[in-house]
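Each of the next two complexes has chain A plus one more chain, namely chain B in the first and chain C in the second.
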Partner chain A sequence: MSPRGRTVASVIGFVVSVAAIFVLPHWLELFTLINATIYVSMAIMTLSLALIWGYGGILCFGQAAFFGLGGYTYAVCAINFGDSTWAVVLAMVVPALFAALLGYFVFWGRIGDVYLGVITLTMTLIFFKLFNATAGDAYKIGSAALGGFNGIPSTPPLNLPWDVGTALAPEDIWYIAAGLLVLFYFGSRWLLSTSFGRVVISIRENERRTELLGYDIRRYKLGIFTIGGAMAGMAGILFANCVFVSPTMFSLFYNAQVIIWVTVGGIGTLLGPIFGSIALQMIVAELGTIDGLDPNLILGAILILFVLLVPKGVLPSLRVLWERFRKPPAVVEASPPTGRPAAGAQKATPSQQPAADAGGRS
Partner chain B sequence: MDLAVVVLLQVLAAVASLALISVGLAVIFGMMRVINLAHGEFIMLGGYAVIYATRWGINLWVAMLIVAPLFVGLVGVIVERSVIRFLYGRMIDTMLATWGLSLLLIGAATMIFGNTTTGVSAPLGGVSIGQYQTSIYELVLIVIVAVILIGMMAILRLTKLGLIARATMQNPAMAASLGISTSKVYSVTFGAGAALSGMAGALIAPLSGVLPTMGVAYVAKAFITVISGGAAIITGTLSASGLLGTLNTLATFVATPVIGEVALLFAAIVLLRVLPQGITGKFFRRAL
Partner chain C sequence: MNASVAALETAKGTAPQPIIETRGLVMRFGGVEVLRGIDFSIVPGELRCLVGPNGAGKSTFFKCLTGQYEPSGGEIRFKNESIGGRPSVDIARRGIGIKTQVPSLYDGLTAREHIWLAVKRRIATTGGLRREVAPAVEQVLESMDIAHLADRIVGQLAHGQRQMVELSMVTAAQPDLILLDEPAAGMTHDEVERLAALVLRLRGTCSLIVVEHDMQFIRMIARMVTVLHQGQVLMEDDVETVLRDRRVRDVYLGKREV
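Moving on to the complex of A and B:
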């Protein structure tokens, strides 16, 4: 697409997504809206992985570590302070700092792809084990009991900044979550268009060449990794507001899910993973209600099929198709335009449909 | 004194079980550079194979040492032919595909067997060392693991099959031009790795019970052991499980089992930071 086309698409996408954010609470029942908020919080986490894996080339198998850390920091701080304002700030700062520390450890050690994956995965497992073992009164941070396997069921909801009296309703949290998703999406696009982002992408393309051009690749990797950590922490806060904080946030299941969503949506795109995550969550939730069908079975089958048939993911394959249709200008097939962030849960499903065709041809 | 013997036996048992659950993965990773994340589910299938075989009246030892490896090995060959062979040389993609396979198998097992723990009772009873009790089965397990590793070493070093496997591992193009069907070698290797995982699952079934999601508990540990061990299959597995298993047991002994697990994982992280190619990337480089 031409640069001008992209801008137009972005503006349209922005308007559509903002409209969707304001329309959805009137359409959906409260329960569905809370579910939609969970989907959006997971989409933010997916976006963070899409950024560091798809653009930074850092295969992180432990995004759930930042997600869980964000959730726990938020819950512990909010309980102790009685006010969620600084809790939110800290819940982004702590995962970011942790990511920076871990990043320093691995990037300055020049640890590559699979080994990096193992280290990040191991980190998540350590958190999972540790937080599972925090049952009992001995494990308290201030007045917040960590609660072991049960987590912190009384995770306080967000309140207006510096106004403890006004706790936010689920609708408000929806606006915040969806708004943040749009913000993070455009923020990521902006970030990738800066010179910092371009260097990050060039590291993904060719690490050695970038280094020989004089860039300290370690710093750039550390930067994008830290940003991804903060974003996943934010997703953790939102998730904690819809459900509650428990060690499952660190589990292999969440780790696996985000990776699957990014793969299916398309590595190296931002919109693909966002839509992929929302659509797949809806599909799995829908199929999970069928008696006797295990959601793991479906997720697994989806992942295998995508790796074999659509290895690039839905969005890149659709782009290839779109380009092919554009050559003879007579054919204006309704391939969805790029630039349509967070158009709400309903919109996501149809855009998944042409995936089978894309797989056959590319 | 008795305590020292018991702790030593526990260390040995921990090392043996770590080596046991990792060796199948190590074969597949060492020979084919494929990281099989469905490894845990191969272990789980081995466990179920034993439970069903004993229910049909097959002797427990036959079920553990023959039926389970054969069954899971067959599953491995089918998986290799239907999925893995399209993905050679694409490490990340094979990881993702086998992860999908892992979820698929967990789902299928939950639907077929139900989400409950089933078990077989451990054979052979117990033995007392001074005032401490330990089960004979755990001791036998140490011996079995030693036999498995020695057997693998013998096959790789002494037989023609082993020679072909090592040649393919070192230089697939050269092996192919000398008339070896590398795709057949890969297929057999994957099957053998799966069979070893199945046997591991069968052997730990009496100790841990069998559950559709049991693999998750093992895959990460096995994965970490194999990567820490590095490219050499047997030496790597043995040295990594020796180091990590000892640390785990000692930390458990000093503190709690959770601290033991955390010590293991933390040691692996530090190890990978210091030796990114694993232990055998630096030491014992010419070993198998």
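Moving on to the complex of A and C:
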């Protein structure tokens, strides 16, 4: 797509999504709206992985760790402060700091991609065990009991900043969650268009080359990893507002889910994983109501199907199709223009946008 | 600038300070000694060709110079500072650029983005302004004659075009020392000539070490040639002397047409 086409598409997309955000609460029942809010919070978590895996080339198997940390930090702080304002800030800062610390050891220690996956996965398992073991009065942070397996059912809802009296209704949470998703999406696009983002993408494409140009790749990886951690933390806050925090937030299931959503939606895109996650959540929820069908099984089957049939993911494949559809005569008129090197001019359609390249390493 | 410093020193009668120098450089992989004590130096502004049969250790030598390998022994000095074993980033920032033997590009990015990455880094290192970047990128695209490729995805370019993009990227960073590992490989005759013209244009603005097999090409660009054989310097002299040398023909050129 031309830059102008992209801008037009962005504006249309923005208007449509804002319209949808305001219309949905009038259409949906409260229960469905809360579910939709959960989907959206999951989409934010998916976006965070799409960013660090699809663009940073960092395959993190433990995105749920940041998600869960965000949720727990929020719940514990909100209970203790009695006001959600700083709880929200801290619930993004804590996962971000944790990501920064972990990233520091991983990237400065030059630990390979595979090990990074193993380490991040192990880390969520540790959190899972750890929070599961916090049953009983001994495990209290301030006045917040961590509650072991049961989590913290009394997770307080958000209130308006510094205004404890105004606990927000589920409808308000919906507006916030959906608004944040839109904000994070455009924020991510902006980030990727900055100098920082362009260097991050180059690292995914060819780490060694970027290093030999004189970029300290560790800093860039750490940067994008930390941003992803903060974003997943925000997803955790929203999730905690719809449900409540419990150790399942750190579970293998949540880890696997986001990876599947990103894969199906398309690695190296942002919209693909966002819509992929929402669509798959809806499909799995729908099919899950059928007796005898296990949602996990459905999700697994969907993943296998996609990896085999649409390995690039939905969005990149759609783009390729679109390019083919739009410019059928391009192949015919590909006789090389005079004065230009003939080779390479044959394919007149660069079907991949740079950003759409499925370049997540490993 | 370096060239003029060198000239000044020559005028004073002292030998010019080498821009890069290795002393007894050794590189071992397990028990295999690939570089066996290499003494090598070039003066600022010099263009040196490095030749030798496959497996002589040329690429390994370059990898040691750019911090991709940590030498097992010996010393590497660049601009009179020891850089052996330092990280690649650090060496790149000190001013060594390399075009590796295996093409190393960003297959999903456009040619313009390649140049941008190099220019951006240079301007950041030299403390330049952000708004200088974009015009500098366009200027490189023009001067390297790849403006028509600017918006093409590099993964879809022909081999020779990719070589040019990579070369443009390396030179756009304006390093003080450029290492080119078989830059003409796989290029058409026309492309090789353009490459030679480019290399000659670079000479004087920076120092270069070029690994090449193509004798035609070497004759076009170089005066001094260093011959590497089994990890050691076999000889070092001007092109014609080297090409006439019997030992060189035996180890290397004998197997090829000259």
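Following the convention adopted for this analysis, the second predicted complex is superposed on the first by the 327 of 362 C-alpha atoms of A that agree within 3 Å, B and C clash if a C-alpha of one lies under 4 Å from a C-alpha of the other, contacts with A are read in each partner's own complex, and residues count from 1 in each chain.
One rule holds in what follows: a residue touches a chain if its C-beta (ideal position, glycine included) is under 8 Å from a C-beta of that chain, and two chains touch if they have at least 3 such contacts.
This one's a predicted model, so the numbers in the text were calculated from it and none came from an experiment.
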Practice prompt. Look at A:195 in the shared chain and tell me whether it touches chain B only, chain C only, both, or neither; answer first, second, both or neither.
Written response: second
Discussion item. Quick check for you: in the superposed arrangement, does A:211 touch first (chain B), second (chain C), both or neither?
Written reply: second
Discussion item. Under the stated touch criterion, which partner chain does A:164 make contact with: chain B (first), chain C (second), both, or neither?
Written reply: neither
Discussion item. Just checking: does A:308 make contact with chain B only, chain C only, both, or neither of them? Give me first, second, both or neither.
Written reply: first
Discussion item. Going by the contact rule set out at the top, does A:12 touch chain B (first), chain C (second), both, or neither?
Written reply: neither
Worksheet item: More residues of chain A are touched by which chain, chain B or chain C?
Response: B
Discussion item. Quick check: in the complex, which residue numbers of chain A touch chain C?
Written reply: 195, 198-199, 201-202, 205-206, 208-217, 268, 340-341, 343-344, 347, 350, 352, 354, 357, 359
Discussion item. Which residues of chain A touch chain B once you look at their complex with the stated criterion?
Written reply: 59, 105-106, 109-115, 117-119, 121-123, 125-126, 129-130, 132-133, 252, 256, 259-260, 263, 292-304, 307-308, 311
Fill in: Contact set on chain C toward chain A in their complex
66, 68, 88-89, 92-93, 97-98, 100, 104-110, 113, 116-118, 120-121, 125, 148, 152-153, 155-161, 169, 173
Worksheet item: Any idea which chain B residues touch chain A in the complex?
Response: 35, 83, 86-87, 90-93, 95-97, 99-108, 110-111, 216, 220, 223-224, 227, 256, 258, 261-262, 265-266, 268-269, 272-273, 276
